[in-house]
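A, B, C, D and E label the chains in the order they appear, each numbered from 1.
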Amino acid sequence: QSDEPFRLVVTHLEPPLVPSSVMDLALTLGYFEREGVDVELVRVQQTPSALAALQSGDGDMANIGVDALLQAIAVGADDLRAVTSPNKSLPFLIAAKDSVAAPSDLEGAVFAIGRIGSVDHSLSAEVFDTLGVDIDSMQLFSVGQPNVRAQALAAGQVDATTMSIGTWVSLPDRAGLHVLIDQDAYYAAAPVVSKVNAVPASVLAERPEDVEAVIRALIRISRDFAADPQLWVDAMAEALPHVDRQTLETLAPSYAGSWSINGGMSAAELRETTDWLYRTADFAGMTAPSLDAWVDFGPLDAVLAEVGIVDGADPADR
Amino acid sequence: MTPTHPTIRFAGVSKAFRQRDGSSIQAVQAIDLDVPARQFVAVVGPSGCGKSTLLRLADGLITPDMGTVTIDGAAPVPGPRIGFVFQNFRLLPWRSVLDNVGFALEGSGYSPPDRRDRAMAQLRKVGLEAWADQYPAQLSGGMKQRVALARALVGDPDILLMDEPFASLDAQTRELMQEDLLRLHAERQPTVLFVTHSVDEALLLADRIIVMGRGAVLDDIEVDLPRPRSIEGLQGLPAYATLRARLWSQIRHLVLSDPASAFFGRQPG
Amino acid sequence: MIGSREERVASPWLVAVTRLGFLLLLLALWWIASQLVSRNVIPTPLATAEAAARLWADGRLAAAVLTSLGTYLGGFALAVLVALPLGIVMGAFGLLGRTLEIYVYALAATPRVAFIPLIIVLLGLGIEAKLFVVFLGAVMPIVINTYAGVRQADVDLVEMAHSVGAGRAQIFRAVVLPGAVPYILAGLRIGATIGLINTVVAELYTAVTGLGGLLALYGNSFRMAEYFVVVLTLAVIGVLVTELLRLLEAHLTRWST
Amino acid sequence: MIGSREERVASPWLVAVTRLGFLLLLLALWWIASQLVSRNVIPTPLATAEAAARLWADGRLAAAVLTSLGTYLGGFALAVLVALPLGIVMGAFGLLGRTLEIYVYALAATPRVAFIPLIIVLLGLGIEAKLFVVFLGAVMPIVINTYAGVRQADVDLVEMAHSVGAGRAQIFRAVVLPGAVPYILAGLRIGATIGLINTVVAELYTAVTGLGGLLALYGNSFRMAEYFVVVLTLAVIGVLVTELLRLLEAHLTRWST
Amino acid sequence: MTPTHPTIRFAGVSKAFRQRDGSSIQAVQAIDLDVPARQFVAVVGPSGCGKSTLLRLADGLITPDMGTVTIDGAAPVPGPRIGFVFQNFRLLPWRSVLDNVGFALEGSGYSPPDRRDRAMAQLRKVGLEAWADQYPAQLSGGMKQRVALARALVGDPDILLMDEPFASLDAQTRELMQEDLLRLHAERQPTVLFVTHSVDEALLLADRIIVMGRGAVLDDIEVDLPRPRSIEGLQGLPAYATLRARLWSQIRHLVLSDPASAFFGRQPG
């Protein structure tokens, strides 16, 4: 075991208004400490930086997109393993101008995506598909980062785009905009695991107790929040004094089923996610790896053996 | 253009320059001087006495701290009608010899081919026709000086302000240029202020010689020698010898009496 | 430049040979690095060459280069058109220059990314926004160097020009600008390189297109050989533009021996 | 510089007044813009001032400034230490300069963002990586301007120095460098502004800290008043550093009238 | 330092400069010239004939295209033991007057205070002690020339290469400087190559006069006038008049016979 702090790399700069806030709150509320692990949060902007941090040894665990992890593994970073997922389903929604009343109105309109083949593009295509709308009937516009997409929508430069609910609620002025497809409908249409916490093999080998302690702390805090949403509201209000408490109160119930009470790692869901991703354009021509090539259930199972599995929450099938 | 014949007048003119240490140098001090139309005035005096400053004042390039400089009653306006030969040539390094000379005509409504022709004619007069397309960096010191001369003369100036214009020329070329300048003066009769270090040159060329010392006019000598003059012709005249001796002793006195000079108090060798 | 006046010009052949030698050295270093750094972060030169051939064959690279070049050259041209007069005017009118300079520096020191939200609102996501981002990056170095060059004008030559009756405009054209040429060209070089960088920034932060788009695509999917091809393409564009500027400079300063 | 020799120096008081006047003009324009542009993209000056007071009071801004300044000044200092000798050597040895220049331009034209993954893998997320990003941005303008300045050395003066038996080093110290001072200082100015921009880039793309971190934070959550405070803080730092460089220049060129 | 007395030898020396249009100018052509130790040699000739080039070759600042230049048998090595007064001063604008003079000593092992003292002493000799802390931009033309002179002399040179060193000085200061130079030559006996435009100056100072024309040595005249010399003293001597006339007509001939010159074929005025 090392005396060094355990560096957990996250891709947000302050506790986000979504369930992945458990990583920040577990630190401020002392969950990590209670599990005996000295966690240091390292904040980066985007998944590529987080991945690079894992590879350089400057991070021990990173919360990253599944697509990026699979890409990295596909090109040779084959010692990375997903061990848990505090935010398996990012609460995405599709927001649009008021003039776009129904998804079918988007035909011929401008729809902003990150870029051709990116996850938000593929996910949105899937969502529109289940609603009977062909995404290719829209003018797709590659705009990049989520906040830029939101700005472009707010500025009236595009007609609709995909964003997380956190981004949506932090938009300062939503006049003239509305939610076209909400997060539940979105997830129902495209049920894929979007983010996982990954660790390199070296950390798994050298600091297994720390990895387990982190997973344990995240499960404990998720269970506490699931049991009492008001706890999350209080903690967030403290962490983000500038956010309207009313907003937090509205958001809290919508996350009722989103907390990763059992670690957020369902083998079936992960397998589906792999298959789905490998059908998208970004992975064209590659063969999907088996689950054990990128997931290690070991640490999570050890934790679950200790804290027990809660039925009716996120499945812990293997 | 038909020549006009302006009068230059300095009335109580003083000019100081600030120095690094905050003090100032009085370059020119309470100068009263009238240069009547058509007169050829030579200015002599020891190094640093304010000769170049006087010329810059006359061209309106600097303005006096006190007093006024006027040309025919108005403040001087620099332009090609006032030809200025600077002590340090000041050629534009990025222009050919020809274009350096032509530069003096650019503001004055000549067509480009006209400008070329006049500049070329002037270059011919200073013996540099063959160098028209070269750049200044390729000229010898004397050649640069001749380009500067050509530039000052190309506008047919009514006033000539010349700061040691022949200093870098060999004796013979200098003599020939002096002849040309005398001829020019006889023909067009510009008003001339001519700084020189050579007493002989001053006596050969000028109607009148101003002796400057430490920023002031110390003597003002009418040169009543017969024209046309030549060095050989002058040397026989007693008046020439008298004037020469007077000027010589004036400057000697100035140099030896300046307590700041290394030669202060030294006896003539 | 040191050494006697006569040793100043290296023969073009010799320069070509030493440049090539240095290129080989760089390639060797690159190869070694590709072997040493783990996890395929650095592709081998060979893999990169193959990727380049592939990208060139399917026309993607060429299309991206064309798109990016349009943005780049347009924005750079705008920057030159604004920066030269501004730098000149700032240098010519001392008070104006001293007044504006701190604002110029302030603007120069503010990250372009910081303006992106504003730019999107005002100019959208299209070519106007991109041109503006390139413009913003390239304009400052040109202004700063032109300003410095104009202030360095030879006072003796300016006085000479006054003495022949030259007006302000003529003094500028004939005396001040030729003297400022080496400054202006250094400024153009820096502006050209930063403009290229900002082309990529623009293509990443407004509508994703061109070489910036390819960079994002290959970067996010960790296709490092392709990624390196794009990076090297950018470097080559940078070299071509700055070499053109060198020719321009040689032409403008042919008077100096 | 135009105008007769004597009009060259504007009084510091006058400059202060015109600068202030221009500032008021900018504030007025800002206010108008904040009213015209929809959706709170531009906060009012007042809202920004309040946000500044708030950020200052809770110590966040000061802490971020300190962090960023450390990165910035460290990286800039490194850049100066490398760029001056490199620019000088390139200018001094013609062949070396001509050989290296295209590689320098190539590097200068390659977006820093493109190197970020490599930099993180090799240097991590910490201060080393940040210093390196700042260094990369600041070094090129300084090299390019120093190189240009050294090549512009007055050949007559260099020949004079040879004639008194001065060695290479002495010629550099006494003749070439003083002559290149205006170039070097313009290069330092540009380098300082780009270094500051790259500080933000570094703070955005490696471990998020300092002013870059605040910028991302407020940008992502659309808190525009706070965002503007950070942008203005960056601008002020840029102005302070370039004004210091102006004082240095005035000191180094005090010989020119 | 105790003086040494070197010999300068030009053997078949040619030097051409490339011009813009690709052609070259033959600045110096097949020159054979021996300057024995301690000799004071004046060089005269029309503008652009290669005098400055000859001096730069002697200092080793440029290398001949053909032939060799040697000083005591070895290639010349520039340094403070060879004092060079350039035609265009070449002061460092960013250094004070004192530090410009001291610059010539910086490579040669003097301590800084020593350097200061020697530079100051030399400034005193040219009458610029009071200007030690000023910068060149604040000096008049003649003052700059005196600073350049001081710089050339401060290293106690064994060889002096002087390119019209007194051209910007007023007549009297020039005379006093000439006296000082003659005294210096009598005491330390440096070998001197002295370019001048003044035939009188050449006759006053030199042991021997070289007449150059179009890059070549055209005449080589022993000046067997008694020393110590003074202008006044010389003027009475018949030998002086003969030499003067000979030089004068030589140069006149050169200027008037150059087909490229404006004065080609002109009759003496």
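Everything that follows uses one rule, which is that contacts are C-beta pairs under 8 Å (C-beta built on N, C-alpha and C of every residue); 3 or more make two chains touch, one makes a residue touch a chain.
Given the structure is predicted, the values throughout are model-derived calculations rather than measurements.
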Practice item. Figure out the least number of contact steps between chain A and chain E, where 1 means they touch directly. Key: 2
Exercise for review: Could you name all chains that are in contact with chain A and with chain C at the same time?
Suggested key: D
Review point. Ranking chain pairs by contacts, what comes out on top?
Key: C-D
Point to revise | Centroid spacing, where centroids are CA-atom means, of chain C and chain D in whole angstrom | key: 16
Study note, to complete from the structure: Chain centres from averaged Cα atoms put chain B and chain C apart, in whole Å, by 49
**Study point:** CA centroid of chain B to CA centroid of chain E, Å
**Key:** 25
Check your understanding: How big is the gap, in whole Å, between where the Cα atoms of chain A centre and where those of chain D centre?
Key -> 38
**Study point:** Residue list for chain A, restricted to those that touch at least two other chains
**Key:** 48, 55, 151, 154-155
Review point. Multi-chain contacts in chain D: which residues touch at least two other chains?
Key: 4-5, 38-39, 41, 117, 121-122, 159, 162, 204, 219, 224, 257
Revision key, fill the gap. Among chain B residues, those touching two or more other chains are 20, 61, 88, 135, 138
Practice item. State the interface residues of chain C toward chain B in the complex, per the touch definition above. Key: 156-157, 159-167, 170, 174-175, 178-179, 181, 253, 255-257
Review point. Can you list the chain A residues touching chain C in their complex?
Key: 47-48, 55, 68, 71-72, 74-77, 114-118, 141-145, 148, 151-152, 154-155, 157-158, 282
Exercise for review: Going by the contact rule at the top, pick out the chain E residues touching chain B in the complex.
Suggested key: 17, 19-21, 25, 44-48, 51-52, 87-88, 124-130, 133-135, 138-143, 146, 163-164, 167-176, 179, 197-199, 230, 248, 251-252, 254-255, 258, 260-263, 266, 269
**Study point:** chain C contact footprint on chain B (complex, rising order)
**Key:** 56, 59, 61, 77-82, 84, 86, 88, 90, 92-95, 103-104, 106-108, 135, 137-138, 151, 155
Review point. Mind pulling up the chain D residues that touch chain C in the complex?
Key: 1-5, 7-10, 14-15, 18-19, 22, 26, 37-39, 41-42, 91-92, 94-95, 98-103, 105-114, 117-118, 121-122, 140-141, 144-145, 147-148, 150-153, 155, 158-159, 162, 168, 171-172, 176, 182-183, 185-187, 189-190, 192-194, 196-197, 200-201, 204, 212, 215, 219, 224, 227, 230-231, 234-239, 241-243, 246, 257
